[in-house]
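What follows is subunit A paired twice: with subunit B in the first complex and subunit C in the second.
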Partner chain A sequence: MTITRRPFETDAAAEELAFVGKSPARIDGLEKVSGAARYVDDFDFGPDLLFAEIVESPHAHALIKRIDTAKAEAVPGVVKVVTGADFPFGFGLYMKDRYVFAQHRVRFVGEQVAAVVARDEGAAKRAAKLVEVEYEVLKPVFDPVFAATDDAPLLHPDLADYPHVPWFFPHEGTNIAHWRKTRKGDVEEGFAEADLVLEDTYEVPRYAHCAIEPHVVVSLYDRAGRLTMWSASQSPYTQRHVIAEALAPLGLTHQQIRVITPYVGGGFGGKAGVSMEIMGAALATAVQGHPVKLRFSREQEFYNTYQRQGLKARIKVGVKSDGTILAVEHTMHWDAGAYVEYGANVVNAAGLSASGPYRVPNIKIDALCVYTNLPPGGPYRGFGYSEFNFGLESHMDRIARRLGMDPVAFRRKNAIVEGDTLAYGEKMNPSGLLECIDKVAAAIDWGTKETSDDRHKVVGKGFALMWKAPAMPPNASSSSFLKFNEDGSINVTVSGMELGQGYLTVMAQIVAEVLSVPPEKIRIETPDTDRNPYEWQTVASHVTWGCGQAVEAAAIEAREKIFEVVHRVHGFEEDSLFLRNEAVHCATDPDFELPLRDFVIAGLETDDGSYRGGPIVGSGMFMPEFTSARSDPETSQGGHPNVHYTVGAAGVVLEIDRQTGKMHIRKTALAVDAGKAINPDLVIGQIVGGLVQGLATVLYEDMRWGEDGRLLNPTFTDYKIPTSLDIPEEIVAIIVEVPQPDGPFGARGVGEHTMIPAAPMIANAVEDALGIRITSMPVTAEKVALSLWEGEA
Partner chain B sequence: MAIAHQFAYQKVATLDEAVEAIARAGPDVRILAGGTDLVPWLRDDAIHPDLVVDIKAIDGLDTLTREGDHLFLGPLVTFSDLLTSDLVRDHLPILFEMADTVASPGIRNRATVIGNICSAVPSCDAGPTLLVLNASIAVLGPAGARTVPIEEWFLGPRKTALSSGEIVTGLSIPIPTPPHGAIYLKLQRYQGEDLSQAGITVLVTGDNDFRVAFGAVGPIPARAHAIEEALKGKDLTDGLIAEAVGLVAGAISPITDMRATKEYRARICEVMLERGLPAAIARRDGTGPAYGTRLI
Partner chain C sequence: MKLPITMTVNGETWPLDVEPNDVLLDVIRTRVGAKGAKIGCERGDCGTCTVLFDGRSIRSCLMLAVEADGHEIITVEGIPENGVLSNLQDLFISHNSFQCGFCAPGIVLGAHELLRDNPNPSRHDVQHALAGNLCRCTGYEPIIDAVLAAAEEARS
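And now, the complex of A and B:
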């Protein structure tokens, strides 16, 4: 594998930056490569530690008639057996439709019905098998289109009673938990004026995150009534909040709950919000004084955390013969699973943006969040955009080809630019989409046909655009504390999570830039809600942008305190002072140089031997004060739901063996407009990682379901994620930098975006090479071969 | 990774001790060598042995030696051993090529070749290759030692000719008279470690004696004698390849499962034979791709 980094231009101001725009060593690097970094399962909780095992529903849809725990309780080593009756509490992030343990009804295979807590894992597992549950089996529903009809069995008769955020619109008496409608212009007029209208359906199945570290939580409800949780999570504060809300009937408050999140072995959205952790919290209250560990198996990781939701999309696009897009109608039935407390917001995000990064005068989007009897859907890198982009970017390619237009030229002609009106009425932010398109096209020699020396192989090229906005509540916020140490080094506390993306290093670079202290002298701890200040969640590709602003503010506050004390003792005007190389300098006195380490704790000595100042600390907060989720439910007009979009383009040179369908990626290029790459190497890491993950979802990841709703391949034996052998031959990583005006140093998020164009670009390359169009994911070698043979027959 | 099932565990020092332990314990005994099948099966509650006999401490079971015109593999020889053995490289490089497709390095370091054929899943990688090499399996039981030809070994999915109370003591593999060429082609879902969706081993000797065996496309790995007969002693031409490919459908009985459809398996078996025959010849003649090169 070769990774090529294309040079990118930096402006004069950027040249003056000492730490931002550079790629210093990761500040967590040594801990991780040396094995010093600890994860939840690495901590020793002593001999009092208990182990939990879950009793799971074997049915996709059933009523619980009776539970008998007597035999399980009799197993030696068992301490406690609990059921839904012990914790009759609902919970949820955006809609409280999920339960700690099933209440009377189970809605997916694998749902938690009861749990055993025992002194060892074997006893817990043996006892769990002895919990007797009598079910009345009900008819399940798996297809979201059918589930949205009145003929489908009703999964949540209490839907109308579930508390939810104001931007959800549940339809009582149906399985439609939320219906986001976006209307701009008049699509019927647009189609009437169009020279070509193409309509088709696309299917995207469910996917699993497959973080290497499974979910694990250790919870201790101590004798004083405090609940401490060591959790593998992307969202310590959101966990504390959701758990405090759910377990309030037990007397737990935010103050009494402490969530500690050490390093986490990958998240990809799967460890956002609260899934299995709610059980860990509840179980701890049942065995007060004993820490209890709930660690999911790989199988449970697949079927009882979150899955990426499935999608059946109908897309209709009308264009003029010159290629101008006139109308986009996108109807999406989302297979949101048994509970949608988080997944409904994925649907919401897609419902606002499923016209793609295009200038479209007439838009009609319907995004239906539909309950089905499959595992709960939820956040997954891309948050709905990868899903709808498969259909949309496949469709745009087909439209261009039918018009006889070059698909890249077609995209370029319609690409959204700054100031264009978005589907919900707001204006598009500054964007380097055209530059991304041009650079990717150049990188893969778009327009030049490639061949293979092997007579069985053909080569095609594929292209796709992407965009994505953070999907956040309008008041999602971040904060940061900062303190100096005697040697002039700095500790920063934040509550975003280092998920492997390099977030801590980027925060350190921002602090370094403001305070002139190099990143290696900045220590940032992983979150502990008792000590670190608030962060909403590490999701939505927002922490560089959002938490970065909080960290920058904390550093600026500390800098102001530094200048203030120097002014008081040395008399220089504060606006003449600046920091360079860990020292205070003065514009009006070139000889003045005061090292930070000399006074940031000890203060400055005055002529009479007394001191001024003291330990320098800073704090910062950030909330996007311009966003609003309030809009017309029928049109989505009137609000400002998204802070900004990050855009990009990707292309692929794909070699296909006509005899086997096997595909080999000769080259792939992706350009993303990072606004400002605070750490270019880490942006490249996101480009490579996102592409590889996205390519896996299209080429071989493939969930298989039994007719009873059971996931048949919940392990890596038959659910394949990429290995080092599956990396494309060459990856060209292209960073474009059109600054985001409100981002730290102009930065915006890139973490999720890089996987979004992968699937459609492969489908487009397959058509380019073979003339066949595959409209359902995944596009496996077998599917390509069978389609080809079908065409030959 | 909890194992709920409770069982007795005995670590033995000799093969005789192993046989005695098995005899005392009754029918549900499992042997622990590499454990890469056994432990996951225990974890999944898929098996419920009364006794697990650990043979890892028996001296000499990791032997990989040449005995005259045979290669001998002890029960603790791993797939990684095949990848690093000079004997394998010099005399039976097809074993290297096969081992190179098995799982991942961590698994190959533990998983044993004999364990692979004792587990006897239809997709076992060792199956087709040991079949074309006419390997034989040495077995020890209460009634003494016996030898089972590999073609009589596989009886069905996860079923072998090993009788109750018996243990495998080694694998004897005849080294074909030089020159010979061979190839193992394995259909996988991606480049990383995978179970075989369909596999084929082709071996050709100096006098154009062809041996062909398929894996993962029937209840057991099996030789394709009809194809071998059609090819026997003949020079390989495009016409002859086409004739052989025409016999593939009759030689296999693929099913549709989550790894592949039967249609895909069947067609790819034809492709693999079409590519494998000339490649095996080229290797025999010294012009083929290096062993370990993947042709599909």
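And now, the complex of A and C:
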């Protein structure tokens, strides 16, 4: 829906905003620093709580020949042992290719084959080890390029039968679950006209989200047949929907499922959609009347929740000698893992946007979502853009250097601006990309060479752009309820999740601005699908923009009711009324002031002693009605798949020890176009936190796999995420504000974007400092040192 | 075989019967009900289970409950005095030193210990003291800033 603003309000908003654009304290702060904040595992469920343990496949690819649960069932304390035979149900968000428990075949090491439910965790763990499973081991495939060929073992013979969204194009009889093709202009003509064509390949490994709170779900299928789930999730409604679809054969309906999501201890995409929670739901139905807890260990957190997908990309770019980009060809083989029900949409998003934030007349993108025998890929902050941007922004830097152009000047020359035609034919939205480039270049003193007093150390500078659009179905929607209390305070319900980004505070600021009630008097409840209205998911960096519009609409509806009742009792024209400092004022009567707390519940008394009005409530909804996922499958032309792009730039001053390869970040700067920073301090929090998370993927982290497909480093001991000692010396956070016309107060999302430019800017700084180009992530000290030695040998 | 122990948690005396292999973190959470200490990795890597044990920060996931017999435990719930947050906690709010909040209790305790022992920490001292407490959201900068601000305010 479109929100209509009164003319005077638009003017007033431009001139003076009381709460938007300020940085009030987070409304969840007191709870979180005092220990009062409750996460799923902090709730008590009483003496009849049961504990579940999963039996996992030791093989990357095998057929299940036989399962014997007798010994496990005999363990004292065991209540129930279930296998795939008990729940022969498929599920999935965008493609139903996944199973509650494995059906006849396992496709990755760690896949759930059976589960034990017991009265205590020890009994469940002991019994799980006693479930005997006989396998016929099959040949696995791990490389996505080989997996896409006809010689590879076929992982999903039933691919053609899986229901999926209409914008996926599976290739029956292959491991290609989805192939997004985007074509604009004619790349061959572009390359023919080019003065320089550069082609190379880039590799990106898999990564883990590493939210500090592991996945946990407590499910109760009560004796009245209602299923209640307390879930550490980014997606309460999507969980309810996917679980209702999958478990419909058991008689469960949306109405009979309730998902409650209290504070969540970090998500980063890993707690989006449905992963282990579907097991919790199924197990609850097997032990009716008892709540059952399924909590993943840190190891399981690494190998059996979504992972960021691996990527092998071939990039070919043609340019004129003056630096004008003529053509970009980007072929991506995505290692999507054993099941792609969510991950295929990551591939889809990349397939629409992998030409980057550039004005490119000729584009050919092929994004292949390929099944492999590794754990299911899925959403991770950046949603495909972090992955392809490593190769693309490395490549753009190399092109500029080959042309003898300054890499920043090259980017500036080709940077996409409002009105340029996107790869799929739509026009680019308003964008502050040039301002981002200039501010970052100034922040790191681009163009000035830095040195080190240590003769073993050299200093390089690196630069990278980024962009990202929310990847959402065209009907991804948000809604909100709002009610006043007797003291003029407000309760708002939404079903977006406070993942840490500060969403609740931002929603409160939007309500505050419309209703003139300060954020500290606004309480926003975390989701409960029985009570809070619908939200698609808290993903895609869309909730400030999308749910923000729903919340704004709810506040405006409440305001209309306030003005209507004041008009009825006091006679002022509604257009003359406005809110300020928690009171109704009138433009035509400066003396009139009516505090909200006097009537938002009690109503207004009239001359005869009767009352008008009643409890003021509001509701709002939002759906991006202008989008459509329908387009030509051979070109992606004709649809409107993305609502808008958020853009930005980042740069780094990197000191490298030539002897060890060890890198030290002297300074890094990131600018993002937030449209309007509703809470600037929270945007800065996203810049600093996201940049450090992005730097971790290039400097420290990667998943290592054995030849048998087993994850070798599923702990924080061996998978090194940054500690407080592993951060840049200085981070410059820059907010650019070119308003998004349809965003609340001009805002657009920034949450994921801040990690997207980190990896290529490091690789570019390494080349600047040492003249060596590393084309595979991560760019570790070891890799830098080895490259140097090879060069010297 | 249950073993009787008595420990003090946030100033309250708790006589408990525990199994010899009961982990201190689990006992604090499920028997005492202090939920500020969280389960993050169960192997001492992440620090979200941090508690003060006779005043020293420890990983309660790596200690058995029987080892706490006769000792004093402080969780984040025990940091406020007379219901008033510590200045450090207030500064965590004003600096946005947390996002999801899951690591915050452990980091508040680690920083509390640092400031008690070293009223004049350098930036590196703070980084070093908190290097065993993982935070995936903030990038640590706002945490370090808040701890340094607390030290400065305590000095002035």
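Note that in this section the second predicted complex is superposed on the first by the 778 of 793 C-alpha atoms of A that agree within 3 Å, B and C clash if a C-alpha of one lies under 4 Å from a C-alpha of the other, contacts with A are read in each partner's own complex, and residues count from 1 in each chain.
Simple rule for what comes next: a residue touches a chain if its C-beta (ideal position, glycine included) is under 8 Å from a C-beta of that chain, and two chains touch if they have at least 3 such contacts.
What you see is a predicted model, and the numbers here were worked out from it, not measured in a lab.
When both complexes are overlaid on chain A, the residue A:Q256 reaches neither subunit B nor subunit C.
When the two structures are aligned on the shared chain, A:Y700 is found in touch with subunit B, with no touch to subunit C. Legend: residue contacts after superposition of the two complexes on their common chain; A:S480 is shown touching neither subunit B nor subunit C.
In the overlay built on the shared chain, the residue A:Q659 is in contact with subunit B alone; subunit C does not reach it. Between subunit B and subunit C, C contacts the larger number of subunit A residues.
Contact with neither subunit B nor subunit C is seen for A:Q307 once the two complexes are overlaid on the shared chain.
In the superposition on chain A, A:L725 makes contact with both subunit B and subunit C. Residue contacts after overlaying the shared chain place A:T544 against neither subunit B nor subunit C. Applying the stated contact rule after C-alpha superposition, one finds that A:K32 touches subunit C and leaves subunit B untouched. Of the two partner chains placed by the overlay, only subunit B lies in contact with A:E53; subunit C stays clear of it.
Contacts of subunit A with subunit B, set against its contacts with subunit C after fitting on chain A, overlap at residues 297, 717, 722-725. By the touch rule above, subunit C contacts subunit A in their complex via residues 29-30, 33-36, 38-43, 45-46, 48, 75-77, 80, 85, 89, 92-94, 96-105, 108, 126-128, 130-144.
Here subunit A touches subunit B in the complex through residues 51, 53, 120-122, 124-126, 129, 297, 657, 659-660, 662, 699-700, 704, 712-713, 717-718, 720, 722-726, 780-782, 785-786, 789, going by the rule given at the top.
Those residues of subunit B that touch subunit A in the complex are listed here as 1-4, 6, 104, 187, 189-195, 258-261, 263-264, 267-268, 271, 296. Against subunit C, the residues of subunit A that register as touching in their complex are 25-26, 28-35, 37-39, 41-42, 44, 209-214, 263-268, 295, 297-298, 499-502, 681-682, 685, 688-693, 715-717, 721-725, 727, 731.
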